[in-house]
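So the structure is just underneath, and the comments pick up after that.
Should a chain be cited, it is by its letter among A, B and C, assigned in written order, with residues numbered from 1 in that chain.
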Amino acid sequence: MDWAALRVSLWLGAGTIAILLPVGIWFGRLLAIHQFRGKVLVEALVTVPLVLPPTVLGFYLLVMFGARSPLGQAFQSLVGQTLPFSFEGLLLASAIANIPFVVQPIQRGFEAIPSDVRDAAACCGLTPWQRFTRIEIPLAWPGILTAAILAFAHTLGEFGVVLMVGGNLPGETRTLSVAIYDRMQAFDDRSAGVMAATLLVIAVGTLMLTTTLSRRVGVRRG
Amino acid sequence: MCDVADRRLSVRILQRSPIPLDLDFTCDPGDVLAIFGPSGSGKSTILRSIAGLYRPEHATIRADGEMWSNTASKAFAPPHRRAVGMVFQEYALFPHLTALGNVMTALGHRPSAERRSRAEELLGLVHLSDHQDRRPHQLSGGERQRVALARALAREPAVLLLDEPFAAVDRTVRRRLQDEIDELRRTLEIPLLLVTHDFDDVVRLATHLLIPTTAARSRAARWPI
Amino acid sequence: MLLVATTVVVGTGAGVSAQRPPTVAAAANLNFALTEIANQFKVDRGTSVEVVFGASGTLTRQIQDGAPFELFLAADEEFPNQLAKAGLTRDAGVVYAVGRLVIFAPNGSPLTVDERLNGLARVIKSGKAGRFAIANPDVAPYGKAAESVLRKRGLWDAIRPQLVLGDTIAQAAQFATTGNAMGGLVAYSLVLGPGFAERGKYAVIPESDHRPLRQRMVLLKRAGATATQFYDYLQGKTAKAILRKHGYGVPQ
């Protein structure tokens, strides 16, 4: 078991959620509540990472931010390292790849709130912030939680973009999924097997969690 | 008289689309103005405009001694700053809160120590004390309506707006609710607007009648004529 | 908005990597040999390096894109020369080992192995040829050598439809040994690794059949003290003995 790789994977998952949840809540809510021209296009754009092969994302990140690109060189002189081949670069790639997994469930969560209920909250004297925290979030939280769990599980499974953008650096960008591949190439099937089993357990565990949660919420609502 | 003028609701709305509206009416404290017409005629739009949930092309709305909307001077008070109590067509109760919780939400203007007791008082007023700890999904249609009413009253509104309040209940419950509303208006001394497509409500409750029409500027008339 | 958030995180996290041992990029054929040398280095000198294995071409590309490696052990001379020309290395580096190719067939395969590839020719002619693994010639020098050997023996066109390309020579060896292929042209150093002897048979390909697999290593511009130490260690007696044990030729 490559503990460093497990740590990288968990941090990547946590970091992706930390970045995407606020963005997702803001954006998912916006899409749920407002109608505007071009909304269909925006919703389609949000879904793009779902159908985009991870290698395409990896390619663009390397081309746009690698040491050979002007943007990458500027970044390097500003921060001291390139974006690809760093944990932070991986985080950016992971955040982009997970946008649909976060925005869509959250949007559905907010859409499920009848607009009447929001209006009634306003008529009860609640300010927009109070409406958000006392009425909307308590009603939309299953969507938010689903988004967090899905994004976390999906991040753990990322491989193509991690390999392309991360470079398999131990302790930095070598996630558990990449470590499995790495160990197999080193003819170390036993380690690979242990790690594969771990990822499997985590995957099944998160799915069980989402199912139990949605059932429990259903009961509360009646 | 200064007092009545202060508590009078005066509404002037002019709009071409999406629903054409041309209205000019007032409603005094203690009056029940029924807004009557088929669906799509803009009745709910009128209520929502008064509540601040909708902004017509041109509107001048005065209530509670204040200017709530004035498109000419660009004045607009958002709904949470209007002392308006509204009962929605499908009640729009907060599903995650109990009946008590729902009513307490509208009591933000009271000090927190008083909120619970005041909410209990209001639920008692609508005869729902026994069920105050139930969630909306555990209440019948008529009971939900009462919670919605209690919540609207909790606001100590300057105007009470009821949007098709009896649409979803049966005859007997409707009778009872109509009587309660009638009783309320005697004690409340505020303008009460009631949107309905059922003339029975007009007959039993209204003191004034408004039928929105595009044929001419709509005004309110005394009822019965 | 995402980019701003990430830059903030990067700015605060940049210092953390400084404490890690230096990362060495190494061609995949060195899997067993270099791991052993690195472990010995730790015992002898008390410091360690992290090794990342991959195909020489892929690693070169990553270095050009800014990957933070401090030392690069390639499977040929062209890739390190490319980096030196681009000004990314300290100097031209040195040749640290000469590799050999073998033809390998797992137990139970219809392929028989011999240094002139007659067995391969026979199985192709019989129409019973299964998949044959080599490393991708575009990114792995051992793959390029495999291609030239097959061409020299006149078997390239015939075997082409049966080829599976590994992204690295290690992946090719995996394909060749796990029974998914009837065999392959893989690195000598890999079949000398643990557990390989029982898996099948091999024959070493004569050096004259391909351009010599002279493997060059270079220190990158950013190399620190430990990486330099390791570079020197790799040219010392202990490292050379280990390389020889794993089937490499070593320069005198």
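Rule of thumb we're sticking to: contacts are C-beta pairs under 8 Å (C-beta built on N, C-alpha and C of every residue); 3 or more make two chains touch, one makes a residue touch a chain.
Small disclaimer: the values here were computed from a predicted structure and weren't measured.
If each chain is drawn as a node and touching chains are joined, the picture is a simple open line.
Comparing each chain's Cα centroid with the centroid of every protein Cα atom identifies chain A as the most central.
In terms of the distance between Cα centroids, subunit C is separated most widely from B. With centres defined as mean CA coordinates, subunit C is found 35 Å away from subunit A. In whole angstrom, the spacing between the mean C-alpha positions of subunit B and subunit C is 79. A separation of 44 Å divides the Cα centre of subunit A from that of subunit B. Of all residues in subunit C, those touching subunit A in their complex are 1-3, 5-7, 9-11, 13-14, 17, 20, 23, 28, 31, 35, 50, 52-54, 62, 64-68, 168, 170-171, 173-174, 193-195.
Considering their complex, residues 15, 19, 23, 62, 66-68, 72, 75-76, 78-89, 91-92, 95-96, 167-172, 182, 184-187 of subunit A touch subunit C. For subunit A in complex with subunit B, the touching residues are 114, 116-117, 119-128, 130-131, 134-135, 138-139, 220-222. Residue ranges on subunit B touching subunit A, taken from their complex, read 48, 51-53, 78-80, 84-86, 88-90, 92-96, 105-106, 108-109, 135, 137-138, 151-152, 154-155.
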